[in-house]
């Protein structure tokens, strides 16, 4: 039996070998590059039509079993350890760990007691040109949900 | 002896009781609200002048020992556990855990192998109006650092 | 300095000694017994008026510093370990651990891919009479939040 | 050899591919959808008759080895880590972590010292219509077991 | 403020210094030595009358605050780490870890699928004389609770 | 290659499918049901004769490799996590965690400073009839080993 | 209240400052230096006479409360983390971790299935002269306890 | 591909089945039984000649791939968890945990500040006859390495 | 499917068996031995040309799938546990743990508040001859990155 | 009682407030800045003369108790968690985690099977000028210790 993790590895290996781009797959699927990449890496579920579009853009046939896996809402979590060891991903953990209390303080000052949704949420990853070295700009945009009184 | 953690609690309690705002303290200090809040919550070090400005804006005297603590680069980390338990901060951990492999894939597709710096880095937290409920917009902007060949 | 945890212990000890009831405090505060208890145990923040009402119902004066603590959105998390050791609380962890995949499967069958909010959420704890031994009935009622496509 | 975890994946993949519903399997088995789903996901054991009924409703033959696995009381626990990473399941962990002391305080105020059973226990998951967005309603109903004096 | 843990240490130190016995305290309290010791070590709650009886047998006055603590159902858990480091207590952890699957297999063979209650439960610790060295005999006696179908 | 864990699963599956009983296997082996079950579940080593007897009682041939595995003292430990997730086994962990300090206090009061052996040790699991619901009675009987002075 | 850990620090500090030796304290107590040091560091309990002898040899008065602590069998465990961070102690952990399977294989080859007792056990730490640099010789001598059949 | 762990299991199974002894393999290899067992269990690397000698003594051919594995310095660590679950190996962990501070205190009293090497180190495991039950004697003999000033 | 970890094992086994040297592979690849080894062990990504050069120097053909793996930026982290168990690697962890606060204090005294980059970073491992025993000299050279004010 | 950790904080606070430098304290003590800083931060023990010299250079009197603490070999370990959260120190952990297998491979290729000592070891932290931004150069220099055959 294929597991979802093995299917993710297969998609990534195929993509690397054939020089496909996430942005092109996303255009075919009709969603943002962030949503499409997350879905194909096993963090979101796709519809049959989206799977067909991705299949075309990647030039990769999926079996019935693989289509079933891509359609099923996955058990989410893309990291093998609670504290990530990959340096790129760790930097985001570090920001949460070091600046987490700051983020909390400023959101609460502006909005009152509540959270930023990680579900009704979009993410945008861009390159911004800079003469001292280009910069990564990650924008997280989530609905504020106040704690409910009852 | 006062610890840095106790000083943080004292500052926050004083601020809550007297209705002070991080944005006003930041204006007095002359840095962004994100930088200033992080510094006063014990994640960055302040100069003597910045401490004096914060003291005025908060209407709170600091002792010599407290000034020494605010000047010392702190042992960073603002969370008591590896996986944060506070729901607001957890959502950022969740984003890193669920979408970490997506962020890595997209930054590497755009920039090649490397990381986004969490040191040469700015953060901006804004409210964006939305008729379906206002949204929190967090922008993380860090220099891309490529892995060095040697 | 008083910490929020010490204030929680003080409130609970006072309440036990004087035989006060959470339901009566809640009636004075004007919120449900679940919300009021959670707030006084340090998981939600109270307004000045709610603090005054609770103070009267508990027959317990709060100092300015304690009022400041009760007003501040707390760093949430009421348990000292990742897996709770208290048998009553452990049973709820056990339900999540053993039946978590069942809950996920049934919510996704009914609603599609998404989560039940733990913020826009109410909880109700009731006694239901039963000749074989009374039963605890806990109802969790949260808004369904679908994953957003973008 | 097939493991119980692999059998769970096989059942779920078959169900997704053929568009079967847990509620229909449950009707055939003659138990609630919550009990039936938990059993087929490897958290409860089934009788030979229940297995035959599920097999029919799912349109899926089980081998003798698979029947043996479905009949054996499993080593329970449906999550790969102590703190769940899947956002849907995490929200229930969050409720236990943040509101655990509240649940304990209110059950003890009403019933005295003891626990809510997680064995003599039923669970009900429903959709409740709401114009602001439908809600998930999870009802946990367990026998109160007082600590025994002896 | 006194915490429950400090009160436990105070009771144990007083008992050691004055050579009091748990069995005598238990006789005064009118419960078994196992129940009484667990209660005074902070794992069960006592009534006012039981506290008065224990106070007499130990020759130790309790303040109002201490009485409140002894009356409150405690947050249970008597060990500082998930795996106990004390050799005496570790041996019981070892039995659970090494023979846990055996205990499960034999209870399920005899009773069907379910658990032994740890709440409706008594424990008895005895010395049994043996010429090769006396033996400790620990008897755990708990109600069998079958998993409920519904 | 077969691992010891896979052999355990094979024995258990065969036993379930053919409706064999641990008590009957134990009678053939000539040891208690507790010892025999623990040995076949991979926690104790068996002699060639005991393996032959078990093989007959289970109606299950073992290969030479499997016999070698059954003869080798295993790396013991029957649980996949430090804190067990299976509810039946967890209840014994809970007893150790909650009542560990009580067990320690009472053994030390009776015997002085030392431990109960978990090696020179027998375990007995029985059903005791009770009109309010049958009870599980687990008796642990281990030699007391005093700390040695030297 | 003094805790056992604080008493340990007090004894060690006093000993360092006054240049006392564990071997001399042991001679006064009438036990080996290994046993005596372990007892005073809070891992074994002392009798009143042993406490008096240690008090004389250390030139340090103990209060009644401190005597009570020294008499009570302690909750054992002398390290703050599961994996020791102190390099001297870590090397013994490393030996257990790296050579544990070797130790197990050789003891079982010589004695059959069982353990070396860590209770009926003596330890001897000696210096052995060596021209290439003196060596530490640690001898662990424990009774072999075979697994019991029953 | 064979892993080093699988090769270890193969060697042990072969040895058990054919009744080979570590002491005889060690004699053929020309090193102590402790060193030889550790090497074949995957904690030390062997030369081509030592592998040939072991192969002869065990009556077991190694493939080229297996010889390569036996020649490579392994990633050391012979236990699957940070705290060992096997009772025989746990007793050595317990000694380190309970008596670690004692070992540290006595080595530092005798040698000054430094460590006992776990690399320039020999281990000797012997049986010592004792009428009360034979004893295991483990001698650890390592070079003392003082902390360097510079 | 081959995983990156399996490919690493294959490269290492081939290298050991054929007596190849990392320094020679590095010369062919045209990078330092540190960079080249890290890349082939799965911590850095290689270009097609570098893979061809390594293939020649190792005398080892790579399949298309293996080339794809070597080209993909890997999920970094070369250790199976948070605290390394291999003694050679542990010594570097020990230096970080014991001397981490010293390194921090001295870098901050010299440079102000910031970090040493582990990305814009080179490492050099050399042998330095010493009559008392040769020494390993590891030089870590990373760009200082100051915390940014904004 | 003062603990060693509190003394470390006191020394650091005093040093920050009075603008003292570790390099000047080291010059007075007559050891390198790395050794001296580590000693005063509680990772190495000092002699009476070194303490007197440090006291002078810091302009800070030590009490007898504090001198005793500075003279005692400390329980080493300068980090509060197994994985450091401070970004500066984390980068060194990251190097160990990501490049640990590389360091091991290259040391073993050059020296054979063994370790680099972390005790007979010196560390040197320097600034190297660089037009693209100054660099931190950390040199670790430790004796190679081969695994001993015996």
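The chains carry the letters A, B, C, D, E, F, G, H, I and J, assigned in the order they are written, with residues numbered from 1 in each.
The rule we apply is simple: contacts are C-beta pairs under 8 Å (C-beta built on N, C-alpha and C of every residue); 3 or more make two chains touch, one makes a residue touch a chain.
Values in this document were obtained by computation on a predicted structure and should not be read as measured data.
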item	value
Separation of chain H from chain F in steps, with touching chains one step apart	1
Per Cα centroids, the chain farthest from chain A	G
Interface composition of copies chain H and chain J: same or different, split at half	same
Label of the chain whose CA centroid is most distant from the centroid of chain I	E
Between chain B and chain H, centroid-to-centroid distance (C-alpha), Å	49
Chain A and chain C, separation of their C-alpha mean positions in angstrom	32
Interchain centroid distance [CA atoms averaged], chain D/chain F, Å	28
Residues of chain C touching at least two other chains	12, 34, 75-77, 79, 82-83, 85-87, 94, 97-98, 101, 104, 108, 114-115, 117-119, 121, 145
Chains that touch, pairwise	A-B, A-C, A-D, A-I, A-J, B-C, B-D, B-I, B-J, C-D, C-E, C-F, D-E, D-F, E-F, E-G, E-H, F-G, F-H, G-H, G-I, G-J, H-I, H-J, I-J
In the complex with chain J, residue positions of chain H that touch it	31-32, 34-35, 44-45, 73, 75, 101, 104, 108, 113-115, 117, 119-122, 145-150
Partner chain B, residues of chain C touching it in the complex	1, 3, 64-65, 67-69, 71-72, 75-77, 79, 82, 118-119
Touching residues (chain side chain E, partner chain G) in the complex	6, 9-10, 12-14, 16-17, 80-81, 83, 85-87
Chain F-facing residues of chain E, complex	12, 21-23, 33-34, 37-38, 41, 43, 76-79, 82-84, 86-89, 91-111, 114-118, 121, 123, 125, 127-128, 130, 132-145
Complex interface listing, chain D residues touching chain B	83, 85, 87, 90, 94, 97-98
